Amino acid sequence: MSMESWTQGEKRSLVRVTAPKKDRDNGTLIDGNKLWTYSPKINRVIQVPSSMMNQSWMGSDFSNKDISRTDDIIERYDHRLLGETNLDGLVVYEIESVPHEDAAVVWGKEVFRIREDNVMVEQRFYDQDGELIKTLRTLEVSEMGGRTVAAQQRMEKTDTPDEWTEIRLDSISFDVELGDSVFTLSNLRNPRN
Amino acid sequence: MKVVQISFLLASRNLWRNYRRTIIMLVAISVGAWAMIFMTALMRGMVNEMLRDGIRSLPGLVQVHNSAYRDDPSINNLVSMTDIEIETTFAAAGIERYATRVRVPAIISSERESRGVTLLGVDPLRERSIEAVGSVIAEGRGLESIDDNGIVIGKKLAGKLDTEIGKRIVLMSQDPDNEVADRGFRVVGLFEANLAAQEEAFVFAGRTVVQKMLGIDGRVSEIALTGDDYRNVELLLADTRRLMDGRDEVLSWQELDTFLGTMLGVMDGFVLVWIVVIFLALSFGLVNTLVMAVFERVREIGLMLALGMRPSGIMLQIIFESLLLLMLGLSIGNALAYASVIPLKDGLDISVVAEGMEMFGAASVLYPEIQVNDVVLANVVVLTLGLIASLSPAWRASRYEPVKAITKV
Amino acid sequence: MSAVRCVDLCKTYRQGDQDIKALDHVDLEISDGGFVCLSAPSGGGKTTLLNAIGGLDKPDTGEVWIAEQRIDQMSKGELAALRLSQIGFVFQAYNLIPVLSARENIEFVMQVQGQPTALRRDKAMAILREVGLAGLEDRRPAEMSGGQQQRVAVARAIVSRPALVLADEPTANLDSTTSDGLMALFVDLNQNHNTTFVIATHDQRVMGYAKRLIRMLDGKIVDDIDQQAA
Amino acid sequence: MAVNIISRLAWRNVWRHPRRTWLTIGAMVFSNALLVFMISIQFGMYGLMIDNTLKAFTGHMQVQAPGYKDDLKMRQVVPDAATLAEKLRSELKLDRISARSSAFALLSSEDRSYGVQVFGVDPQYEPGVSTIPGLVREGRFPTDNNAQEIVIGKTLARNLRVETGDELTLLGSGRDGSFAAAVAEIVGIFDSGVPDFDRSIAEIPLGFFGDVFFMDHAAHSIVIVAPALSAVEEYRPRVEELLSPADGLVVHDWNALQPGLKQAIQADISSAFFMYGILVILVAFSVMNTQLMSVLERTHEFGIVMSLGVTPGRLGRLVLLETGMIALAGLVLGALVGGLITLWFGYKGFSYPGMDQLAANFNLPSRFYPQVTVLTLFLGPVFVFAGSILSALYPALRLQWVHPVEAMRSLQ
């Protein structure tokens, strides 16, 4: 499956499926913590209700929440630096993030490993007993669009190590001028770009 | 009256003349009376428990809602008064046993599972006064204040969600603008309920916290009021209606849950039918005994008539005999019923048919309840109908022609 | 003054498919203090006549007067009251109430009359002594001999001093000594209290005590002998 | 002919006190008639309760993936369900077999959302296994297996503030766990009379369901209605035989699917039979009393007969025979009266104040038409008969201790 994605700031992004044919033009629009989905089959934009946010996004190992939640992790979690390691000559910070008491997050904690060049190497989701539930791992880091990015990531659930979802970046461009109209419901439905 | 005295004396003496017959009849009446009271106690136990469970989960005897709420139980249909107005109004009227609650459908999620539940934002101090579902805390603690950050969920639900006390769960619902309203809560207590379904259906959190989460500060979905006697809610209903002054819908539990309301009426009817049926089954034996008693005493009856006793005196004798028999049988039967309920004080476990009982809305442990009015009813019905049944043999006895009676061998 | 007066009494019974004339135009007058024996073969009508006099049975036609009161048209209640206050009955056998003791049997009538307990008891004890049954007051009928039972019955009949005592075969089940004792009691009462006795019997010895002997046959009086005159 | 004499003697004795005998028979007739009526109603109701509950939705049996019954997980499926259903239909020669799927989904109208159980049903065969298609009061049931159409309950329609012709959005998760969404036109609104049911269920065509929830020809269950409830046991192994072992599917009968139903009936039966037992006992006492009287008053007579050489055992049998005659009369008359009463209510319908409310809870109609069957007609009376005979044992056995001379001396 291939798709295109546009992201503006830290709150808004749009994802559109380009192949295979049967899923073509299925799209997801994220604005803040709201998520809309569009399916040409039913020709309707639907806001995904809160109850569905924990469900799988397009059948993958990512949940809708994983997709929509961008960086509110910074505000809604307490963070602690666990340590620093070296990987391929770069410093990797290991950060433990524990959600605030009233945050709408079920995880007990998340542990991030982030390279000094801001590439996330690993994100681990733990339940409240400290048990690892799923891991998002960066498999390949490469230069793309002038920056170092995680080109290939894999989401893997601890329970089912034989199944995973991988995202591979084919190309990426930064600092593209995007109009407000990109992140609208009508654009989700009728791609103009 | 001397005639009454002598009739009574004769009746009591005659009762023991044919002691085998009397004992058989006594056993029959005792068994009947026992069955009446014991069976009624079992049924009452079941239905009362059902009613209490039902009223606990409603909760309350009387509820106030926005008049559109019952048709459309959404967060947009809130009670017209704010919680402060409610508090002052009810306090002024001297009503104390009530609770205000926010009630919304919500999704509860743990790391592993999500479930649909009803989220109740409650004032734990007020909640205690209405004895609603959720007040029996099995583990952990109950909510402590109106702005308690914790959440109390059912024991069964905790199992399904694979969560436990001390862990956090997330609740999601919708605010009045149809936007997502969500929040994390820490599980502080697990409650237990008689019906499994209730343990999975309700979760409780502090009212202010829920109001804040939903963005409905100061507003509630329902006011639940309770009283002492679920049979008698008219006064409470009228008081509340007056207070709400037509702005909101005020309904009694019978109206809120017509199944429960009907159940109570049907039960009352059933008790009477059951008592009468048992009596009728007994009455044939009773009349038979009396007929035989009259028949074998024809000569004596003739003699007494010849000696100048009035027919009414004869009637009185037979009726006394019947009543004595009934009263004795009833006393034994009542005593037996009380005695057989004692070992069942801790409940009769019928969990083999638990799922069936849940279909009735009843719990799987039966606590027999002997209600004074049922006992009175049973005894009064038996004595009254027994009196009526003995009229015919008594009348016949009093109509004997003394001559024929005496000469009959 | 006459204690009993019967005018033109008729009574017909149906037995099987036969009509039996138990009383056939009977006229009879018994004066106060009379001691009359009615004798007849079985079915001769003596019991029927006795019952008619006692108001236990109604004649088909004719009149019955007791102490100048016409009784054949009285209601059951009135008749009961009359029997209670003015007539004492002694029947053949088994004429005690089995569940009551001798004393209680004697008290029965008084109790129905509504006499106070203490008075009743005194009278009953006195009469028991009179008929020679002192000490047996607490026995039930089943615990007494036939003669004793019959004496209790007599005691009950006379305890409230009725003007008229009707006895139907009072000695039928008694041996001769006991019969004599009973008759002596009757005679004594007749003489000392001026109680009128009408006794239906076919016992020759009983007839011997009578002042007046009436014989019946097929419902008719065939003979009326004043034995005092003889 | 000794038997003849004994039975003639018994017959005469029975009628020695006609009033007493009639009263005893009366007690039996009363109880028997009541039992026949009650048992007819009760069994009829159970039948209806089972029938209505099962016919409403569950069917008599369902073929499912193991575990689906308890977990209702989307991925526990019956693969290629339509083909299997067709195979079952033709092999078993039963029409009333239909594939079905279900998922929890959020139904949204313009301004309201409610979570419901959405069922994918085969428009062609569903009417054979469920009453819901027949309960559509407004609009119609879908006919096209792939139509984007939905039928919902009356209460749900009111809560969602929609009517036929409106569109609803379905959101849920598909078989693979992915987000499933669809829009469907409301073509029908059903009214089952059970608010809980009408609030929580929606049905869409199975083909459409498959598309929305990524079922890929699979379904969750194949619902089978046997020709009769009693035929379930017969059909079950045949269904099992037709399943391919590779799929590892299981067959659940109605009792496994609706465990509460049988238990509710069991609970009701045990309380009802407690009551019936009491009735039988009371009648038995009545009979015992009568027969004891009858024996006691004949002591003298029995003494004579015994002195003539008749054994107490034979006299005991005489007493039992008399009881048997009375009890038989009670049985026949009771069954007759009870049968007639039941027939009358079967014709007029039986109702009890408040019954409609309670009945709805158990999928029962508010008026009930009881039917007489051999079982309901004789089950109660046979117990009363047996109880009567048993109760006569005491008087009959008493005879064994009677001494002829003492007996003759006795007065009565």
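We call the chains A, B, C and D, going by the order they appear; numbering starts again at 1 in every chain.
Note that contacts are C-beta pairs under 8 Å (C-beta built on N, C-alpha and C of every residue); 3 or more make two chains touch, one makes a residue touch a chain.
Not measured: the values here are computed from a predicted model.
Undergrad: If you tally contacting C-beta pairs, which comes out ahead, B-C or A-D? Let me know.
TA: B-C
Undergrad: Kindly work out which chain lies most centrally, taking the average of its C-alpha atoms as its position.
TA: Smallest offset from the overall C-alpha mean is found for B.
Undergrad: Between chain A and chain B, what is the gap in Å from one C-alpha centre to the other?
TA: The answer is 57 Å.
Undergrad: Taking each chain's centre as the mean position of its Cα atoms, how many Å separate chain C from chain D?
TA: A distance of 73 Å separates the two centres.
Undergrad: Could you tell me the distance, in whole angstrom, between the mean C-alpha positions of chain B and chain C?
TA: 66
Undergrad: What positions in chain C touch 2 or more of the other chains?
TA: If we look for residues of chain C contacting two or more partner chains, we find none.
Undergrad: Residues touching two or more other chains, restricted to chain B: which are they?
TA: Answer for chain B, listing residues that touch two or more other chains: 116, 174.
Undergrad: Would you mind listing the residues of chain D that make contact with two or more other chains?
TA: Correct list: 113, 115.
Undergrad: Pull out all the chain pairs that touch, please.
TA: All touching pairs, sorted by chain label, are A-B, A-D, B-C, B-D.
Undergrad: Write out the stretch or stretches of chain B touching chain A in their complex.
TA: 107, 109-112, 114, 116, 149, 163, 166-174, 179-186
Undergrad: Can you list the chain C residues touching chain B in their complex?
TA: 47, 51, 54, 56-57, 76-77, 80-85, 87, 89, 91, 94-100, 104, 108-109, 111-115, 156
Undergrad: What residues on chain B touch chain C, complex-wise?
TA: 1-3, 5-6, 9-10, 13-14, 17, 299-300, 303-311, 313, 401-403, 406-407
Undergrad: Contact residues on chain A for chain B in the complex?
TA: 33-34, 49-51, 53-54, 99-108, 127-128, 133
Undergrad: Given the complex with chain A, which residues does chain D contribute to the contact?
TA: Within the complex, chain D contacts chain A at residues 106, 108, 113, 115, 148, 169, 171-174, 176-179, 181-183, 211, 214.
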